Structures are given as structure tokens and as C-alpha cells.
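Here's the structure, in C-alpha cells; my notes come after.
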Amino acid sequence: MAELLTPDEITAYLDEIFPQVKGDFRIEEVRPDGVRMRLMVDDRHLRPGGTVSGPAMFALADVSAYVAVIAHVGHVALAVTTNCSIDFMRKPAAATDLIAECRLLKLGKALAVCDLLIYSEGVEAPVARASLTYSIPPKR
Amino acid sequence: MAELLTPDEITAYLDEIFPQVKGDFRIEEVRPDGVRMRLMVDDRHLRPGGTVSGPAMFALADVSAYVAVIAHVGHVALAVTTNCSIDFMRKPAAATDLIAECRLLKLGKALAVCDLLIYSEGVEAPVARASLTYSIPPKR
Amino acid sequence: MAELLTPDEITAYLDEIFPQVKGDFRIEEVRPDGVRMRLMVDDRHLRPGGTVSGPAMFALADVSAYVAVIAHVGHVALAVTTNCSIDFMRKPAAATDLIAECRLLKLGKALAVCDLLIYSEGVEAPVARASLTYSIPPKR
Amino acid sequence: MAELLTPDEITAYLDEIFPQVKGDFRIEEVRPDGVRMRLMVDDRHLRPGGTVSGPAMFALADVSAYVAVIAHVGHVALAVTTNCSIDFMRKPAAATDLIAECRLLKLGKALAVCDLLIYSEGVEAPVARASLTYSIPPKR
């Protein structure tokens, strides 16, 4: 099996291609079968009451799956999300980082599938679950 | 049938409860069976290459469904998204507003279901489709 | 644009590759942008109370999307469903055929996306909505 | 915490309310946080080539989530599926039972959420994943 990209390599790459979200996310761990990502919660992710917004949770799910895929396939900037299904199950804790535990369930030639659970850090019951499909462009 | 809230009433309400996204969206039309919403695309919604990001499209889908629901049920700040499924089908046109055409398919006592197509303004083929479920809290 | 397969051509093909469901479905109309399909409701599709089962509605959604795709791409037995999201919104009318109105939203080289509404025949409010992705194998 | 229903109690109940699928499924294990279910694969679940059909996998996902919910809430025949998202990832092994590993992620007053992985028995890589929402009617 090919080597995985390291968190530092992936972070440098994300900062380059997604400069708008630089500083939002931190890669906590990269394993062959998935990743753990952190959303460093900030005012711009919050709704009144201090709860993290749906779009911020979607963004965490999306970037987690992207990282799980490019750790294997490398710098494929064109890998694109084709589908996401997300269930919001509980209100996140106020002003608390979110942690995504993402599993890479399939890494095919054309499609990759991940699922993930999102937690408020330190809270046992997950706040959301999501599954995503990425389309992987053919190698040149 | 009860009267619908007007776009101005809904906008005032959104600005109050979602101040972070003030100026991102414009309600183009509210009908009994749905709404048309615009994402006024700005640098913070873009990926390199000028294409609108997935989280920005998710946010447009989410707010469109929310508006379709509260137009009927009124100021129910607690109405919450419980599920969203979204398919990204085509790359949005560069630096072009997105238009969501949202249909309210079900408005039950506890759950509302919407679906929508998202277009780059002036382009015929949709860039994304989404379906969302909102949970509506019981009236006090 | 290439010619569409006719309902008779598609039906002959379905009977050959899906003999188990022969007689369950009828193609009502094939258009460039979608199809209308009927589930001819029978005892084996029903739950106690006479309502159509979830798996029978899923099967109708799946075959509708398949027909919408193969009408364009021809006899590609290997076209496979990769994702389906389905919302069950209302109880179907007892012992009444179901009608699916399916739109082909994207027909790409590798992926096709459809969505559809399912109705109890003669009833205005839809009982379900679904969206499906099909993976289309490369031409030899 | 209330006691769980046993597999025998649930099976007797399923046979009564879903007589059409009697003999299709077997409850392998019921735990507080989920269930393991088996689809005893038979000719009527197969497609040409011997692979299990999509609707049969959907049915397995649906009944698994239903069992996970009613193990907790008891004989609530009206608990209904409101949403299912399913990803078909690999071709099932020919003529081999399917095993669903289902997790009960949320059991609220009005909604329950499950996810699950489906395997061909004895094969490590999952053939499908699904997530489902059940609506639970208020107690009388």
C-alpha cells in the first residue's frame, strides 16, 4: 500500500487551496481507515445562543472526508464532493470545539465513500452524523 | 389558510436571529408552496477558481427551506434542520449569484420536508439539488 | 442528441434482466428529461392496513431512475445505483397504484442524478420523494 | 433504563405485523445501542448473477432500524420511517446472507436515528451503508 500523506503535508495543501478556511480546522489524526478532525469554533461558526451552525458542521464533515481521501490519493485538487447526507441529532454544546471521527468506507477508482460522527468535545452523545461521496478524477 | 409572512417580515426576522449571515441571502419570492432565494456571492463563498463552495451551497439550501417553513408557521426560532441530503452535480459559474428554487412538499405538525434545485443565475442546468427535513416544535 | 429507447424496448430489457419484478412496474412515459412509472400494487407490496411498504416504494424509485438513465445510454446492464436518499412523507392510499414522476437532472459520463416524487394515483399530495445517483460504466 | 424487548418478543411481533417478510430476516443480537440482523438470502432477493438486489438491502436496513427502535419503545406499530439515505458501495457476494450491524445513534421523544453497515457474511469490506430516521408517535 502506498504511504499516507502526513497531517503536516495535508495541512499545507489545504491552506494553499482553501485559504478562506485557514485556521478553522485542525487534523488531529490520519489513519489508513479514516481521520479525526477538529473544528476550532469561533464566533463566525455560531448561531445566537452559542450553538455551532449547520453550515459549519457541514463544512467540518466535508473537509474531514476530503482529508481522508487525499491522504491516500495525494494532491488531487479536483476530487469533488458529489453527495452528502447529514443528520443533525442534538444541539452542540455552547462555544465548544467539534470533533469529527471519519471512517473511509470505500476508496474505489472513481468514487470514495466516508461516514462520520461529530461530537462536541468532551460530550459522549454525537451531535450529528454524515456520509459523503467523493468523485476522484482519473489520473493523467 | 393562514396568511404567509412577507419577504420583508422574514428578512427582518432572519437578520435578528442569524446576524452572521446578514447580507448573504435575499428572498426573491415567497409562495404558499415554496420560495426563491438568492445567494449574493462574495469572496468568502468562493473556492480557488472562483467557484462557490459546498458549505455556501449547503447554507443556501438550509436557509431556503427555513424560510419556506417559517413563512407558514411564523416566528418559530426553534424550528431545526434534522436532515439534509445534497447532490453537487455541476461546477457553479465563476463569481455568479446562486438561485435556489425551493418547494415545500410537506408541512406537517411535527415535520416539514422541502426540496430544491440550485442554479447559477442565468444558467439552465442546475448545479445542485437538495432535500431537507425540519422539525417543528409543538406550539405552547 | 441520440434517440431515446422506447418504453417497449426498455420493458423487454427489464423483463430479461430483472425477471423477479416482471409485472410489478409499467413505464407510462419516457421523455428526454425523465420518465413516469407505475407500481401496479399487489398483495406482496402491502403492509397490514393495505398501505404500500417502504421497500416497494424504494424499488419504484430505483427502477424509475434506472429507466430514465438507460433510455439515454442504452443497454448498460452494469449501470448501478450508488446512492439513494428517500423521504416518506405521507401514508399511501390503501391498495392504490403508485405513480413516480422522475426527472433526469444530470447525465454525465460517469454519474447520473435523478429525483422523483411518488404519488398514490389520483391523490395530489406526494407520498414520498427520492433522489438517486447511478454510476455509468465506461463504454468499451 | 427500561428493559429491552428480547429477540423472541420482537420476532413474534414482526411476524404478526409484517407477515409478508416472515422468514426473510433473523435477529442475531439486540443490545441497548443497536442490533445485528441477518437477511436470509433467497431467490426472490437476487438479481441475475446471484447478487442481492437494492430493494432487498433497503428492506434489511429498514427492518434493522425498526428493531433497534422498538427494542426500546415497545410495540409501537405506528413508528414509521421518515428518511433513509443508503450508499451501495460494493457488489454483494453471490447467494450469501447479508448481515447488518445497526447503531442506535439517537432515541428522542419524537425521532430516532440509526446508521448501519451491511456485509456479505464472512467478507470484511461492507457492501452498503445506510442511515435512517424513524418518527415515534406520542404515547397515548
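Labels A, B, C and D are assigned to the chains in the order they are written; within every chain, residues are numbered from 1.
Here, contacts are C-beta pairs under 8 Å (C-beta built on N, C-alpha and C of every residue); 3 or more make two chains touch, one makes a residue touch a chain.
Source: prediction; values computed, not measured.
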| item | value |
| --- | --- |
| A-B, B-C or A-D - pair sharing over half of the C-D contact pairs | A-B |
| Taking each chain's C-alpha mean as its centre, the one farthest from subunit B | D |
| Superposing rotation of subunit A relative to subunit B, computed on C-alpha atoms, to nearest 5° | 180 |
| Equivalent interface positions on subunit A and subunit D, same or different at half | same |
| Subunit A and subunit B: spacing of chain centres that average the CA atoms, whole Å | 23 |
| Averaged-CA centre spacing for the pair subunit D and subunit A, given as whole angstrom | 28 |
| Distance from the mean Cα position of subunit D to that of subunit B, given in whole angstrom | 33 |
| Multi-partner residues of subunit A (each touching 2 or more other chains) | 82-83, 85, 87, 89, 133 |
| Residues on subunit C engaged by subunit B in the complex (per definition of touch) | 85, 87, 89-90, 105-106, 108, 113, 115, 117, 125-126, 129, 131, 133 |
| Of all residues in subunit C, those that touch subunit A in their complex | 82-83, 85, 110-111, 133, 135 |
| Subunit A - residues contacting subunit B, complex | 17-20, 43-44, 46-48, 53-56, 58-59, 62, 80-89 |
